[in-house]
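Okay, so chain A shows up in both of these, paired with chain B first and chain C after.
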Partner chain A sequence: MLFLQLLLNGLQTGAIYALTAAGFALIFGATKIFHVAHGIAFTIAGYVFLFAWRADWPSWLGVLASIAAAMLFGIVMERLVYRPIQRHEGSFFTVFVAAFGVSIVVQNIIGMIAGRGFATVDTPLSFSAEILPEIFVAPMLWIALATAAVLFVALTLFLTRHPAGVALRALAQNPDLIRTYGLSSNGLSVLAFAIGSALAAPAAIVTAMTTGLNEAIGHHVMLISIAATIVGGIGSLRGAALAGMMLGIAESLALTVVDTQWAEAVSFLVLFGFIIFRPAGIFGVTQTR
Partner chain B sequence: MTAFLINLATLAAISGILASTLNFIVGYAGIFSVAHAVFFGLGAYGGAQVALLLVPNPFLACLVAAVIAGGLSLCLALPALRVRGEYFVAASLGLQMVAATLFAELKPLTGGIGGLVGIPRPELFGMVVPVLPLALVALALILWATARLQRGAFGRTLQSIRDADTAAEALGKNVNAAKTLAVAFACAGAGIAGALYALHLSFINVESFTLDQSIQIMAMVIIGGAGTLWGPLVGAVMLLSLPAVISFIPFIPPTEVGAVQQIIYGSAMTLLMIFRPAGLLGDMSKGKSTS
Partner chain C sequence: MPGPMIGRRTALAASLALPFIRPAFAQQAEPYVMGSLFPMSGPNAEFGEAFTRGAQVAIAHINADNMLRRPVRLQSEDSQALPQPSVIGMNKLINIDRASWVLSSWTATAKAIAPIGDRAKTIMVNGGGVGPDLSGLSPYFWNVIALAHLEVRAIVPFLVNQRNVKRVALIYVDDPLGDAILGQLREQLPLHGATLVGSYSVPRAAQQFGSVVARVRQSRPDAIYIASFGAQQAQIVKGLRDNGVTQIICSFSGFGLDGIRTLPEAEGALFTTQKLDFASSDPITKRFADDFQARFGQAPVTYHANYYNAAYLFGLLARQVEQAGGEVNGETMRAAMLATRKFNLVGGEGEFDELGNMLTQLQVNEIRGQRVIAVG
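After this line comes the complex of A and B, so read on.
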């Protein structure tokens, strides 16, 4: 019974990880930018929703504000940080350090404004009910899973059917050819950042309603997104989402064997193992980098 | 005031060792490790246990620390041989997270969250010696070794690996051996810094060996200028004196000093990367696209 309960908890965590990891993978796949500030989009979205909730805004407005804030952050990062660096052929590490600098700054500003420590949005949706003997599930679990599923279907449809989505996939494969066809690779990378960052918002809202937010949560989210993207295989959205789900479940199920403190280490052991033994990830094409 | 300055100087020397050794692999070998605090921690726990259980001899503590950190540096060398770029950064992030958990949980060796307390003062020939001269000597030795290596054959091999490792291999350089040695040297140096840190503070816990610390060391190297001899040292002194400087600014409440410090160095990292990616002392013409 404990196993089933942990599995259900893991599904909820997994849905959150899958959404953020898919956002990270979309950005990385399309623009080749290792967007380590992705976790900050999550933090910003979560706190915007939290403040909207506290200000008694209707919840749909809070959700919209939160998505808009995440998208805005992604676009600002692309235009003001990544674009200037790439203009002078900055190496990947220059990009990494710049993005990490931004996340340190934003995290501390949020800590100063919103206060440090955990903050939660209390809703009846996160009250658990006993659905089976000894199995407690909150409506939030179904909402999280449904949101993740709907967004994935929408994202897949967008990437395969909509011209802009197809262009995004083309950008991932051959940026030079994109320019030859007269499409703007700059505009497309802004689009990738907007969509990728927006995917973090629903995950952040679910987190705010269940386990709660703190100012350093972006760090954790960023690490998990990187881990899921690599384990899933770089360039594969499906892989990243699946790996995110797996890492969430693994973290939760690991609790049957080890204490809570080890949960995060489990994800990174998986990552470390993958990098050493199968760097291409689950769905990736084997390539030596 | 003297005690304050001596403490600051000792910590600056220790950070200088950390930054210089990290610079050795980041700046010369192109191995972008964000797990340097792991080896700092290994050295600190190793050195502290020597002082607690055997004798508080600083040389023995440093030696043990260097052996432990240098030996376990294989954990970092292994992914460095397998993957590059983003993958390696992710692997070192993973190593850092797992190690921080281990430091917090292996209570018999590390004292857990509470840490190790009451580490005896270092003694030589029955006399208590301050850590500052030891740290300065160690820093000088490491800078000297870096300067020698940089000009010698080994340093050139490393730089060729950083700039084009396939070419280096084609010229008959043993890339794997060179990378492993460079990582072992850097991590052993971080271990020595750890032992000195433990002996200086006589209290250590996992807080000093987390990802934040690794990033701070990285920031010292980047802000000062990766791949330069003095840059990391300048970066270390700047970042360490930052809290002291901020605490003299009247309108910042003491509880926010840490946050303001982090905001300053975070924005310094970002702005430098946008406008001067080679760092303060770096040569702009050489700073481009060293991935």
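After this line comes the complex of A and C, so read on.
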């Protein structure tokens, strides 16, 4: 029974990881920008939903506001931080440091506005009921899984059927070709940031309802997103999503064999395993020199 | 008739000497620097804010009362509750800001800065960390908070005798605080006929606790002791309640923050603190409680009082040294503390032992309707 309980817990955690990792992978895959401030989009989305909840807004409006805030942050980062740096041929390291700096500044602003403490959306959706002997499940599990599934189907359809989605994939493979066809790589880059950041919002809302928020929560999200992107195969959206889900489940199921302290380390053991034995990740393409 | 002439050499010498003369005159009015090493950012920033507020009220009182010949200024450094930033902050406070009194917090960070303060003979006062080995860490490291071994010794008999608890599970953060509380529970529970049925360590950055709770539930405890801090302890409480654990939740003084008190899932949680009555008629306690409420619009809690005491003690000792005609520094203030031992502080008379630990009585509190009620 413990195995089943841990598996269910892992699925919920995995859904959160998958959504945030997919957003990061989409941005990185399309623009090659290591958007280390993606965790802040997650934090902003969570706090916007929290404030909307506290202000008694309807839930759907809170969700929309949260998605809009995350998208806005992504777009602002692309337009005001990354693009000016790239215009001056800023290196990968410059972009990384700039994003990291913005993360720290925004994190502190959130702390000043929202308070330094723990904050949570108090909802019965996070209360577990015993559905089988020793098996406790909260409605939030099904909501998280359904949300992740619907969003991945929608995203896959967008990327494969919609012209803008196809152009995004093309941008990931050959930006010069995009320009040859008369498309704007800048516009597509903004689109990648908007969609990628929006994917963090549902995960942040689930987190706000289950484990709660604090100003620094984005760091952990970011670490897992990076790990999932590498494990899934750099540039592969489905790989990042699958890896996010896999890391969540592995983290939880590990408790059947290791001490609780090592649960989160399991994610990084998986990461090291992939780096050593399959550096291209699950869906990545191996490049030989 | 020509007046006295100032030669070019004299003028040059005077201008060169000016930068050295001015500070000498200004020194009379230069404030004493009191340093603070609190987590001001990150998941434990709520503690840093609370600690700072207590110290700010104390410094306002010291300055308003003209207790000292020079005003006191608080210089804050962000420890992030981590040893490395604390060491950097401590070096800056000592070498650049010339602080002779530093307010410290957190067991791990206190242990990191203690050798630096010890070498520089800078007084370090802790009002937040509770690791038992903070006692006697250095002759210059003092505690105005009851340490964990005393807190565990206070709550275990209460749990067994008043709440009929026989089986206790521990969720503890993997750091010196968590290890200390694990050791104390292992020692104390059997002495009172109870058992530690499970101990589950979690990393400091862990945020998902559903799976840990599944393991805790399997150990079938009557009570779960949480030895963590900051946002993480609130996340653990919520994780326990959300995942079907209805047993007693208990902890140490780390629960004495608004983030826990106002958390609906923390209803009924028990935790220990120093015995403090903010409604007392004791003039120092009353002044502190009234001014704190007026300044921050909230009722004070134990942590606020601890850091008020930690900062106010500087005023009392520095005044003693000034009145004796001595220079205010770590050595002279330590000598003054050892000579006096008893001070009027928030909560009544505070007495220090030879290791610099303030001796206090403890109480068990319960969170009821978002209020903290003393129950034992």
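Following the convention adopted for this analysis, the second predicted complex is superposed on the first by the 283 of 289 C-alpha atoms of A that agree within 3 Å, B and C clash if a C-alpha of one lies under 4 Å from a C-alpha of the other, contacts with A are read in each partner's own complex, and residues count from 1 in each chain.
One rule holds in what follows: a residue touches a chain if its C-beta (ideal position, glycine included) is under 8 Å from a C-beta of that chain, and two chains touch if they have at least 3 such contacts.
The structure presented is a predicted model; accordingly, all values stated were derived computationally and were not measured.
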Does the chain A-based superposition show chain B and chain C clashing or fitting?
-> clash
Should A:I276 be classified as contacting the first partner (chain B), the second (chain C), both, or neither?
-> first
Where does A:F92 make contact in the superposed view: on chain B (first), on chain C (second), on both, or on neither?
-> first
Touched partner set for A:F118, first chain B, second chain C, both or neither = second
Please indicate which partner A:V81 is in contact with in the superposed arrangement: first for chain B, second for chain C, both, or neither.
-> first
A:Q5 contacts which: chain B (first), chain C (second), both, neither?
-> second
In the superposed arrangement, which partner chain does A:A138 touch: chain B (first), chain C (second), both, or neither?
-> second
In the overlay, answer first, second, both or neither for which of chain B and chain C A:V102 touches.
-> first
Tell me which partner A:E264 touches in the superposition: chain B (first), chain C (second), both or neither.
-> both
Once both complexes are aligned on A, which of 5-13, 59-67, 77-85 or 239-247 in chain C overlaps with chain B?
-> 77-85
Chain A contact set shared between chain B and chain C covers 104, 107-108, 111, 219, 259, 261, 264-265
As the complex stands, chain A meets chain C at residues 2, 5-6, 9-10, 12-13, 104, 107-108, 111, 115-118, 120, 122, 126-130, 134, 136, 138, 210-212, 214-217, 219-220, 251-252, 255, 259-261, 263-265
Chain A residues touching chain B in their complex are 34, 81, 84-85, 88-105, 107-109, 111-112, 219, 223, 226-227, 230, 234, 259, 261-262, 264-265, 267-269, 271-272, 275-276, 279, 289
Using the touch definition up top, name the residues of chain B that touch chain A in the complex.
-> 32, 78-79, 82-87, 89-91, 93-95, 97-98, 101-102, 104-105, 211, 215, 218-219, 222, 256, 259-260, 262-263, 265-271, 273-274, 277, 288-291
Within their complex, chain C touches chain A through residues 41-43, 45-46, 48-49, 174, 200-203, 205-212, 214-215, 217-218, 230-231, 234-235, 238-239, 241-244, 257-259, 263-264
